[in-house]
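Each of the next two complexes has chain A plus one other chain: chain B in the first, chain C in the second.
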Partner chain A sequence: MNISRLKFFLWQVLPSILAVLCALLIGAVIILAIGENPLQAYAAMFQGAFGDPSSWAETLQRATPYIFGGLAFLIAARAGLFNIGIEGQMYVGAIAAAIVGFSLHHIPSFLHVTLALIAAAFAGYVWSIVPALLKVKSGVHEVISTIMLNYVAYALTAYLTVRVFHEPGAVAQTYKVDSSAILPALMSPNKLNAGFLLALLLAIAIYVFLFHTPWGYNLRVTGINPSAGLYAGIKSTRVVVWAMLMSGAIGGLMGAERTLGIYGRFINSFSPGYGFTAIAVALLGQNHPLGIIPAAILFGALENGASAMSFQVNVPRELGLILEALIIVFIAAEHFFRVHLRSMIKGDKE
Partner chain B sequence: MMVTFLSVSIIQATISIATPLFMGALGGVFNERVGIVNVGLDGIMLSGAFTAAITSYYTQSAWMGVLAALIVGGLLGLLHAAICVGFKADHVVSGVAINILASSVTVFLLQLLFHNKGQSPFAPKIGQLSNAGSIPILGPILNNMSYLTIVGLALIVISHFFLYHTKMGLRLRSVGENPYAAQSLGIPVRKYMYLSVIAGCALAGLAGSFLSIGMLNIFTKNMTAGRGYIALAAMILGRWTPFGALGASLFFGYVLAWQMNAQGLTIPAQLVEIIPYITILLVLAFVSKRVRGPAHDGKIFAPSEHQ
Partner chain C sequence: MALEEALVIKGLKKYFGHVKANDGIDLVVPIGTIHAIVGENGAGKSTLMKSLFGLLQPDSGEIYLWGEKVRFSSPLQALDRGIGMVHQHFMLVEALSVLENIILGAEPGKGILLNYNDSRKTVEEICQKYGLVLDLDALVENLPVGIQQRIEIVKMLYRGARLIILDEPSAVLTPHEIVRLFEILREFKKDGCTVIFITHKLNEVMALADDVTVIRDGRTVGHWPISEVNEKILARQMVGRDVVLDLVKDEAQPTELVLQVQDLQTEQVNGDQKAVGLSFDIRAGEILGIIGVAGNGQDALIEGILGLRKVEKGKILYLGENIKGVDTSHLRQKGMSCISSDRLKTGLVGEFSVRENAILGYQAGKEFVSSMLFQKKRIDQYANQLIQKFQIKTPSLEARITTLSGGNQQKLIIGRELHANPKLIIAVQPTRGVDIGAIEFIYQVLLECRRQNTAILLISNELEEVLSLSDRVSVLYQGRFMGSGAPNLLSKDDIGLMMAGIHPEKEGEPA
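Presenting the complex of A and B:
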């Protein structure tokens, strides 16, 4: 890597690193306010997230939905769309994977898993047709339409779980999927599964798609400046629709990983808000497919580490969620970092 | 069992459900009329609901809770304005950041203060009209109406007067249409943006306080359930005006009230729950092409880069 590329790379990641550091600093103030020692708390957090192979496995397991979700968000964001409906797309994908998982029997595992994944991607794809069309045909902002569809997805999956495919249990749940539909575990007994590898492969595929194919180029140009794209002969409405549909399909896969790799069935309202946190992950990863991976691992580590920390020091594990929220607030102010850093380094005025 | 479409109890429920919606939608009007999109309304409502409940619990005074919700809403508005106007960042990103911040901080504080992730202790609630039943026609509807609803209705009227019948209101609206032109006329554009966003977000905090200590007497985790977004939809349907926001909120409130009334029919409850959201989507699909928001809505105000 030559010097100018290295400089460019640093320039890309610096705001994210600063945002994380600022969040940790404020987190330390919060821990102090509770009356605990921040260094001790953070050490416990780090140990809990990366201390041994099994904590690594748990961190990566928690990072997996964020990789999928971050990719779903960025593919839409690169086309200029703000998909806040990943949560709903994930739910319909999760239940579609479950239905294929428990409806088909006696087929080879590889085929069964593949069919379940395809069904999940298709469900997410279908779920995003409405916001995509509303956006280009009626001008309804996708933030509102996708949020409304999230609530439709919660209710619809609850209906299917409670009324149609219900299996009695402690929580509202569907039947168990056949063992042939299970995504194999990578480090049993941890739930980290082949879905993690699938997420990594998908990140690379999207990287190649975005930066090394003409379609990816068209998508990025549309996102930066739709009218410039029109001059260049890019059909921007078509690009916008496709980006939204791809985003939904990836959101569906995100749900399938939870169903086939973690729970083995669909569990009603299983998500603690993966689809929303994934937006923060995408922004921290600078909407870059490869940037998403470390960002997702960081978020997995914050949650896993905070949970371990809460057993050692008297700080609620929700501190992990607060750190995530603070990171995204600082990322929101990224433009400020960029402008002021540049002027500080170069010594000239804004 | 019959589906009832109109009754005193449905009208009362409509007004009650519509109250946080029109307060929130009015908050949205003050944000977007100066060109600042705020999808963080939902999180600000949640923060308002939380603050109101715990302040009311600790002070044993519901009105102190309302005051605290206004202050916290205003502070979050200051944060949003600082990010959007001061740091010139993307409005939607900032709003989503506020939503995530609100949902995590409220759960964190519940755990820290009450060792309970799900809900706050019971707190005193805002009073409501009683003995209004003797008034002809309106009596049954006014009966049991929360004082906060009346405050909200008054705010709609005051905001309308302020926006359309005062010089400051005209200037405020011009900032959202064309801040550069407004600036060239000597209007302090940034000041208008900051103050209007802070006021709008304080209103969203007020809307939240109604959820926890107006309708109920408790805060529960993520209790807004997307009402901030429904308020935004009401703002759009109401064409960014106070009375429009009120009308649209009453309509959405009616659909939600009807849906609750229809629970227990032969149609499964989960499917009935879908109806309001589908209605909102259909309404937006129908009106979005015809309505036009403030011209500079959602754009970043950057005078030095603007030629």
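Presenting the complex of A and C:
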């Protein structure tokens, strides 16, 4: 019983592990081509990502938006939706948190942070109302509508930053949020903050929601077989709308963590594409809330480790991004791993 | 010495983990004969055929084709050696023409250009030889299933198949189409072709086959020339015990009205047949059978009652309440349940486990949920009871539902739908693709429900099923009833005509 469960678990994670190994292998070839020793480079990278408590902190700090983003993606994906608009939902969430952060004064810190988080989640929620309704009312595919709303979000936040809440100076950024709205740092001076713990809690909550509550059950049924759901009395349109809204709200929280925990304000175009990389994280984590956590930490480690590596070995830090990209390619080829590899391994046994 | 056997299989074994799908299959099929393979669902018929066709690799055993030992690693090799297989689910491209479908995968011509003229000639010759009428330029999506099956057969012949395997060929056909199919298969035999057909309909075996092989629990139980057996013997061999094929049914004791449908007209969905003016009622303790060829408005009727499809006109009263616009979940709570015909489409969630599928429809109920969380212990207890009571064969509660045989999946659905003691059961083809042992079981279960004062709406295209179970029968054709009556007052011929849209009294005149 326990062995068969372990086996099942291994079959679930094996494609992800193989994708990472394949990416590292090709990365090694690239390092060789540069003329460096791959083992040395990877060792430096590992050291940079996990070598001491402060490198751990930086890795986890970088992983935090990916946990939020991965969760946002998976809650939609489990309902059969492809939310590619997390980036936009994150931007509106980030600026909403900032506005609450610098507009309210003299209130207890806990309350201030909570209000800012709620505002961010609500902004992301509102941002996904349109795609959700377009989807169920007139069948507009959410990939189209959410991607387009990303550009609206860029433009809206840029306008608010430059025209409405602009802090005087050359940088396109808003006023600083009050100190009471700052998410407390966990390992100062690193920017790793309580948002990371919030992300972990959220992952666990979503795990319980998906697999141990009727609503999560309905959501999964709708994602896999909406017709069977309808016959069983599950209104798929309602589920789809709620999943999309939840996804948007989590996207908003993702932005709030950056605003309240890292920058202390909203900075125009602050994101290097967190919302898109998060999709890869979700896929690498097999769209499982607990799988997202190691996947996000891996991505954080690649980025953090790569920049540390570039100081020690003559390999540019962009190797981290290359490895991420390779992982994405291999995870996209998951079908190959799942189907062909299984038959290959079984074939060998015979 | 002339070659006598088209196919010989010796001691074929195929295990999936602990499950012995094939555990010693022997089969001998002489050239130029029609050979029936019968067995319950889950007996290993499909595994056997997949092994033969190169879709699965057997663990041990030998296959001799045309006297030569073979082991196929892909269906292409099987096709090359003259084996053609007509699957239960057709493998046709709906957007292509008949001709394009037939030559698909074996396109003639040089380089990248197709030569349609040559192939058209070849296909026409094949059709003529066997008296198969096909419009080669029609689009497949516009053709009825009977014709689609014919295309599959011609496809196999075009590829030079001399051994044709048909998997449950009659499941989708009307009585007339079945007769026609049998004629075609007999033509093949005359021409020296060999035919293997897999079925669980014993009357078809008796009507068509020269020899029959019975498989049970992955093993060959025996094989006989058809003259030495009858349906009773075969049924017993299949199930391993005596089977009551004649249902013992006491008089119906109908009591209060459960469902009244008045002049129901539904919306059309994806161009299917809508209901146009259906009226009927069902009382507790009786079975109303609705018979009709698939696609004549069954879906519209079912979905109209379940609240899944807009009702344009008319009334549906359930337990005296007008249920127009009422949620499906509300109806389910009020004791309406549905055994749907397409298991993996509307009855089960394929990627879910047995446990998760067992609670589909009850997931929000108090029985399995407290303080917003699923109560695993209670769910497990219920699921285990279901498995025991309905004799569902499954490795565990965690097993994916798709790893169960069709019969076991169906038993799970039926057990689940009966769990809450429903007042109305909508049973749609409850025995589709289910073996004879399970059929008997399902019939007994439905009759027991009737005895327990449940109203049952039986919707099926199996004439025997409807006639033997129902207290009243209505014939559905193009969204309306062609006729209704007690089963003993309607002749099979008349029902057959009505199913085709012809009023028996004014024969030959389409309705």
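To be clear about the criterion, the second predicted complex is superposed on the first by the 344 of 350 C-alpha atoms of A that agree within 3 Å, B and C clash if a C-alpha of one lies under 4 Å from a C-alpha of the other, contacts with A are read in each partner's own complex, and residues count from 1 in each chain.
Everything below uses one rule, namely that a contact is a pair of C-beta atoms (placed from the backbone, for glycine too) under 8 Å apart; a residue touches a chain by one contact, two chains touch by 3 or more.
Note that this is a predicted model, so its numbers are computed, not measured.
**Student:** Should A:Leu319 be classified as contacting the first partner (chain B), the second (chain C), both, or neither?
**Tutor:** first
**Student:** Quick one: name whichever of chain B and chain C touches more residues of chain A.
**Tutor:** Looking at chain B versus chain C, the one contacting more residues of chain A is B.
**Student:** Determine, under the contact definition given at the top, whether A:Phe110 touches first (chain B), second (chain C), both, or neither.
**Tutor:** In the superposition, A:Phe110 touches no partner, neither chain B nor chain C.
**Student:** Now for A:Phe276: first (chain B), second (chain C), both, or neither, which partner does it touch?
**Tutor:** A:Phe276 sits against chain B, while chain C stays out of touch.
**Student:** Is A:Phe311 touching the first partner chain B, the second partner chain C, both, or neither of them?
**Tutor:** Neither partner.
**Student:** Give me the intersection of chain A's contacts with chain B and its contacts with chain C, in residue numbers.
**Tutor:** Chain A residues touching both partners: 350.
**Student:** What does chain B use to touch chain A in their complex?
**Tutor:** Where chain B meets chain A, its residues are 39, 79, 83, 86-90, 92-94, 96-101, 103-105, 107-108, 111-112, 117, 225-226, 229, 232-233, 236, 268, 270-271, 273-274, 277-278, 280-281, 284-286, 288-289, 304.
**Student:** Which stretch or stretches of chain C touch chain A in the complex?
**Tutor:** 57, 59, 306, 308, 327-332, 338, 340, 344-352, 356, 359-361, 363-364, 369, 372-374, 396, 398
**Student:** Along chain A, where are the residues that touch chain B in the complex?
**Tutor:** 34, 82, 84, 130, 134, 138-140, 143-145, 147-152, 155-156, 158-159, 162-163, 273, 276-277, 279-280, 283, 316, 318-319, 321-322, 324-326, 328-329, 331-336, 350
**Student:** Quick check: in the complex, which residue numbers of chain A touch chain C?
**Tutor:** 1, 4-5, 8, 208, 212-214, 217-218, 220-221, 224-225, 227-235, 347, 350
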